[in-house]
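Shared between the two complexes below is chain A, which has chain B as its partner in the first and chain C in the second.
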Partner chain A sequence: MKVFEVAKSGMDVEWQRLTLIAENLANMNTVRTPDGDTYRAKRLLTGPDLAFDQVLSGANLNSPAGVRVYSVERSESAPFKVNDPNHPYADLEGNVIYSNVNHAEEMALALKTSRVYEANMAMFSIARQTYASALNIGRA
Partner chain B sequence: MSEVSAITAVSAISANDKTSQSTAAQKAETVSFEAILRDGMASLQSDIQKATDAVQRFALSSDMPIHDVMIAMEKARFSVELTLEVRNRLVEGYREIMNMQI
Partner chain C sequence: MSDLTIAILEKAVEGLDMRLRYTSQNIANASSNSYSSVKVSFETALVQAAQGSVLDVQNVAPRLESDDRADISSELRLDIELAEAVQTSMRYSAMVEVLSRQMSLKRIALGRNQ
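The block that comes next holds the complex of A and B.
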């Protein structure tokens, strides 16, 4: 039943990625976060679900392990600077620094994420059909 | 060249089969059929319980992604289907023997 576990891990990860994209889009117009910094787009870093000691011991690195979240990192692209002297957060030169969330980039990522989620769902249903046909061994 | 290596591969597999068969036979002596059935029923029960728990948690808080619930239910269904199939074949075999003409 490893196929189902692997497909489920993919769905879990893509769901979290989708949540982060929603968070980024919701914070597009954020000028300042509670820690006083500008908001920066969050990115999910993911990879094979292996622990470091497993890699060190070199045990079954080729066996399927699924995927898991490594960490959430901030995008380092430059934030948008807008000249708006009347804004409460405008600096001395009248510039307001908005978040670095890029609308097109987030939408493209959201679409890709949803496609990968769908792919994992397709994988699940293929495995499901295979399982069902295996139950018919000796019957057909 | 490839044919020769294929033949050696086959013989290696058949050798493997023999050893695995003998170990399986040894194991089969210790594990009764009834115990296998009981284990299967226990795992079916736990799968159904997991699905019920997942549905309950989802109903209580929407924090849980929906695919978790669906996958738990789907797994419960696999278990039920497998159990049904085992039961059907058992009954079939039983009938076959009962209908034997002596």
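The block that comes next holds the complex of A and C.
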């Protein structure tokens, strides 16, 4: 049953990543957030549930593993500066600072995320099939 | 095969059936506001009770817990619930399979295996 748990954790994490990418894309044209800052692309930091030395020591072979969310961090790439003196949020030099969401980067990440999600789903199906055939052991 | 085995199997089937029911309730409430997903747990209690008597096993009551899965958006996840349903139904089949094999053993003992 552990394969199910691990595959489920993968589906869980990749879905949350997809949610953040959708939020980034939705905010691509955001100039200011409600608290007055510029919007920064959000990134999900994820990793194994157990540290490697914990797993390799063999002490945790039966504990639930898989992947989990560590935290949400903001991307530190430079925001886009556009010269548009008539914009309500233009600064003294007439520049408007848009979010640092990069369209191509987000799309590539979304595609990769959805592939990983599919892979986890495939893993889940394989586990299900294996389990179903194991139920037939000893049957004529 | 002892009565204890049958009792454990029955309890497990009961717990898994309950988990399946609550999973479908979770899915039915996917769009409900401020609904938090309900999980059924009985495994740990059953493992402990299995060390004791048939009565201990029969007294195990499945517990309801609200889901503490960390989700950044705290939405109800249909895929996770469906995965849970598949997992539960696989285990249910396994339990029923073992029960039915226990029964056929009994049938053999009674000499009615024609």
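What we mean here is this: the second predicted complex is superposed on the first by the 125 of 140 C-alpha atoms of A that agree within 3 Å, B and C clash if a C-alpha of one lies under 4 Å from a C-alpha of the other, contacts with A are read in each partner's own complex, and residues count from 1 in each chain.
Methods note: a residue touches a chain if its C-beta (ideal position, glycine included) is under 8 Å from a C-beta of that chain, and two chains touch if they have at least 3 such contacts.
Fair warning: this is a prediction, and the values are worked out from it, not measured in the lab.
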On chain A, do chain B and chain C fit together or clash when superposed?
clash
Have a look at where A:20 lands relative to chain B and chain C in the superposition and call it first, second, both or neither.
second
Applying the document's definition of touch, where does A:124 land relative to chain B and chain C: first, second, both, or neither?
both
So, A:68: does it touch chain B (first), chain C (second), both, or neither?
second
Just checking: does A:80 make contact with chain B only, chain C only, both, or neither of them? Give me first, second, both or neither.
neither
Per-residue touch tally on chain A - higher for chain B or for chain C:
C
In the superposed model, where does chain C crash into chain B, at 26-34, 44-52 or 62-70?
26-34
Which chain A residues are contacted by chain C in one complex and by chain B in the other?
1, 4, 8, 11-12, 15, 124, 128, 131-132, 135
Give the list of chain A residues in touch with chain C in this complex.
1, 4, 7-8, 11-12, 15-16, 19-20, 44, 68-69, 72, 124, 128, 131-132, 135, 138
What residues on chain B touch chain A, complex-wise?
65, 67-68, 71, 74-75, 78, 81-82, 85
Where on chain A is chain B touching in the complex?
1, 4, 8, 11-12, 15, 121, 124, 128, 131-132, 135
In the complex, go through chain C and note every residue touching chain A.
69-73, 77, 79-80, 83-84, 86-87, 90-91, 93-94, 97, 101
